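Following are the structures in question.
Look for chain A in each of the two complexes below; its partner is chain B in the first and chain C in the second.
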Partner chain A sequence: MATDTRREERLWGPLEWAESRLHLGPFIAALLHVRIPRDAKTFYLGGITLFLFVIQVITGTLLALYYSPTPGSAYESVLAITSDVEFGWLIRSIHHWAANLMIISLVLHMLRIFLQAAYKFPRELTWIVGGGMFGITILFGFTGYLLPWDQRAYWATTVGTEIAGAVPLIGQPLLLLLRGGPDVTEATLSRFFGIHVLVLPLMLAGLTALHLLFVHQQGLANPKRPEPRPGRPGPDLTTEKTKPFFPDYVLDELIAWYAVMAAIVILASLFPAGLEAKADPLLTPEHIKPEWYFLGIYELLKYVPRDVGIIGPMVLVGIIILLPLLDRNQEVRPRRRPIALACAFVLLVGLGYLTILGGR
Partner chain B sequence: MPDGLQQTTSESDVPTVPDANRGAEEPAVPRRGFLKFLLSFSVVSSIAMTITPIVGFLAPSKAANAGAGGKVLAGTLDTLPVGKGAVVAVGSKPAIVVNTAGGVKAFSAICTHLGCIVLWDEAASNIVCPCHDGRFSPATGAVLSGPPPAPLPQLTTVVEGNDIFIVTG
Partner chain C sequence: MRTQRLALFAGPVVLAGMLVLVVAAAASAGAPAQDPAEISWALNVPQATPTPEIPLESAPPVPPPIAHPGDASSTGCVDCHAKVDKKQEAISEDWRSSIHAKEGVGCADCHGGDPRADQITVGMAQANGYLGVPSRAETVGLCGGCHANAERMRPYQVATDQYSKYFSSVHGQRLLTADDSRVAICIDCHGSHAVKPASDPTADVYPLNIPNLCASCHADADTMQPYGIPTDQFDIYAQSVHGKQLLEEQDLRAPNCASCHGSHAAKPPRSDEVVDVCGKCHTATQALYEESAHALVPAVGPKCWTCHGTHDVSEPTEELFLHEGGVPDYLCATCHSPVDQSLRLEIDQFEDPADRRCDTCHHERSQIFAQVEAIAGAIGDAKTAYDIALSRIGEAAALGMITADADVAAAEAKTGLIRARAAVHTTKLASISELTDETIEKANDAEAIANGKLDESIFRRQAAVVVIAIIILNVLGLMGVRRRLHAKD
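Here is the complex of A and B:
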């Protein structure tokens, strides 16, 4: 504490000026100066996902300065961003790659939480909010995909909204609501643009704040023992080895962010975001495929009746989001959770197999 | 504080009921409950008032749902000899026209599986969807193979001289 006081006394001039008026020091200290279990292995995936979201907000804002959301000019504006605007290809490619990496890091983050059983008491709500964030991230991908208005974008959206339209009971109204009419037209493009740049960022920012608040309040889970429940005997927490969140963990997280940034720049430079022919509502290209994270479901729809192929994954997503309420086993060590791990393994292998099949 | 409020309410403003079965100090009008009802009603009506125009705004206009009507030129017998097929625009909707041995046929070109646009496969002499390889009969639009759950809706065609028309509306 003495060290902290000395640090406060030596605040940089403008900060001292602000602190003397706002008195935010205790608030920031409460956020940063917490201890986390030394056994907690996060692999920095949650922080990396947050970092990628920030990259998306910055690059997305830059792209929106040049993008024109009408069928007559959307394709041409993306072409201009890619070929005419200084660093336009880089900004667009970073947006493209960060989007893909965001989904990968989010899935890995959820997988890590699952394997370490960190979704169990008392972190059920944190997991459920995280599930909502995953849904919004997928919607980001879905709505952003249409914006270049090329053949791939147009037909992926046609198929995607058709899938939404086949949902029992609410399908048709949902399809009309999404498309702004019976077909994918300029109304769809306007809606998707509005949802992509306004609605979803605000929703994700709000849920992220809530998620971080929960994580801060509950601390990181220890993957080696269940959280003690009130009124029941638990392990002696005074002997638990911990380390400071700031600066130790924050510094590690920053290093991870730099590594991710380097990976994105390399990927964007070597494999820049492409653009196919302009959308033609009368011609579905042969071998059209959606983005890789929808390939599994797209392939599944080839083999099972449409209703099964749509309702099945929806039920599965529902089960995953509500997992903390369904899984009553209090054990956290993987070897004591064989059924949960076997289910996850089968699901991952199945989804991976369908994705590979769909990608061929 | 709530207790104090309750006391003030029952003692001063609210008329009491001279009923032997009820306490003399019990309010005839459950003011707190009534206020709660008003508050709930205000909240619900405010939400409804906000959501109704938003939902109405988001619902597509009727003009967007209106289809094209009338007779649309889909091609000629020269461009579509027997054994050939093509996708044409009928208003804002795509249709596939096939000149079969049994006459000129036309169907909606929107695959009944996931909405992709079907093509004429001349080699196989059937209509194919490029998305999941669903195949349809050029004579009836019936599903021959693949995942489509329903046949392609048939459209009315008229051949006048050399011209092929699709009749809609």
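Here is the complex of A and C:
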């Protein structure tokens, strides 16, 4: 991104005080005062995902103040958070809905990047890092799902870890690693909690910083033309229409965040996070279902051999993450990428259909 | 038909009824309604003398087991019979899969002969003790030869009284007294060659399979025709609360035919035995019933079947108390003997579930009716309070509220309601009212908690509206800033 030097502002007193000591002005200016293509259409999805991650960190920290990660007390502590702690229901419901919305916004963000071919040169690494972030977000959902220790949580984790245990060659060690033993027990809850509140947030924060650094360095992609490659003739960038990132884009992003916040408030107040009966390893529910974003794979396993149902999605995720290295076509306009779009369409329709089937 | 009977018995029965009422009123005056001393009036009711039991024919002596050479390793019989034809091959296979083959009981133990021989002329020679296919009457003795032998059965820890029990059953008695070989014998339930232990889920005598096993004869009109007994018991049972629990829910705790009629000693329980039969499972209810006025007339008074039926036991509800929309014109003979007007409740008078109501006997003009009505009212009020609480909890849960604390209170109310319903068997209003009051109190607590949740839900929605309004104002402000910014550009 080109640094915008046209804006010079007087700082507010306390900021002036801090600036005279830290000299962060040029750094922050380099971050904020950049210009982005007017044709760039982000739909603010990356920023929304970031906003939701921040909400998760704040609400997750508050929940951790009351949550007790042992089978004997986890359920009771979640019940107390939801029923007794002042506004505990709100914090938990926001955490619940923001988690779901984060996965939705992340998927839509990836879809937008794919449709606009923004993963192509020179943004391959940005996409790959983003793929890692997607994986971590899914792991967030998987590990967080067990923490309430109710029937749904317990049995969804039992099924989920069994799927992991069916991975060829490494399945059994992976299952033992995830569960901390042959069954879902206290050891599983402890490690899922540790992974959920320590390992994954640090990893996601690190990858987010890296992702934003890459975005800052490369700027936003123009969906109407490919990026000029070194040593090859490219379009004249001096004629490209741009707009300032700050305050124009940031202001729009802020409005989008407000909209997301309103959606969370409505969802949390109309559909607060629930709680089923306490986990009972001796009482298998009639219907066990994983979280909605795993339903597609769960359903797929009913129709294809187990190895195919497990290896297939893994290979698919691998292809998606390594897409920039596999897709050598330089074209960015959707109309000229019919095969890629058809593949994405088939994948989305297939996954959507399986998810609906699994949800029945 | 009812009207015709009424015409025959009306005069004497009305007189007898009036006499009973006068005696009852005199005996009960001035004492609390639930006092056992007061309900002693029931003893003053003329009671019919139960029909005397016909003495049982004794079981014949157990014949000794068939002596034969060879042992369990002698397989000469099956080695040849498996090759004779398909039928013989199937019989051999049945035996091989049986518990008998596993435990060393071979062909010669039932058929005699020499199992060591590989020649038909030797193995099946009468000189070598070959008996052939035993008759149906002989078969019971053959089985009893081993199964009534305590020493022989010791390793398996199985009962050895089946033989004597069988001959005490309707089946065994018919076999003995009428030489009726059509009645069920051991092999009809256990199989002849493919005998399986009762714990084997594929065995016909496995508890889940017993209703179908009994029905294979008892639901067959041709088989039952000579005995003149109904053939609809299985269909009725299958629709009952017991049948559904056993056949649909596969719940082994639910009673099958043998649970009430006995297996080897199969026989319909006598009217005065029914309380003990039902009480085998419904222990607590039986204890409560024993405290009741009904139990004071054990020979002829109301039993479990009077209100709950026999094969068609359904989920008991408050409907069992009183007829809706008025009591039909019941005959005196419904509860009294047409001969001497003594109290006598007969099963066939209560075959129709619609007749199984308290006010069938305790009609509106009877002295006890007020107590029946009060008991029905107390249980009805408790049920209503409990239903309202459940409904409010359901509403709160549907709005996404956590209702665990209300559920706990509702569970306590449910326990109270169950205890109150069970206490109905005591017929004591005071005991029942105490429990229903407790139930109503708990149900009201549950309802109050649920109402609190509903109020909280409304508050959340109202607060959400305020927050959304603030968000909209903020967005409008930001859009204003945005417009000014673009205006400058």
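Just so we're on the same page, the second predicted complex is superposed on the first by the 351 of 360 C-alpha atoms of A that agree within 3 Å, B and C clash if a C-alpha of one lies under 4 Å from a C-alpha of the other, contacts with A are read in each partner's own complex, and residues count from 1 in each chain.
The rule is simple: contacts are C-beta pairs under 8 Å (C-beta built on N, C-alpha and C of every residue); 3 or more make two chains touch, one makes a residue touch a chain.
Please read these numbers as outputs of a predicted model, since none were measured by experiment.
Of the two partner chains, chain C is the only one touched by A:Ala259; chain B is not. When the two complexes are overlaid on their common chain A, residue A:Leu79 makes contact with chain C while staying clear of chain B.
Of the two partner chains placed around the shared chain by superposition, chain C is the only one that A:Leu251 touches, whereas chain B remains out of contact.
Contact with chain B, but none with chain C, is seen for A:Ile163 once the two complexes are overlaid on the shared chain. Chain A uses no single residue to touch chain B in one structure and chain C in the other. Across the complex, chain C meets chain A through its residues 400-402, 404-405, 460-461, 463-464, 467-468, 471-472, 474-475, 478-479, 481-482, 485. Per the touch definition, chain B reaches chain A in the complex via residues 58-60, 64-65, 87-89, 92-94, 109, 113-119, 129-133, 146-147, 149. By the touch criterion given at the top, residues 79, 82-83, 89-90, 247-248, 251-252, 254-255, 258-259, 261-262, 265-266, 268-275 of chain A touch chain C in their complex. Listed in rising order, the residues of chain A touching chain B in the complex are 155, 158-159, 161-163, 165, 176-177, 179-183, 185, 187, 281-288, 301-303, 305-306.
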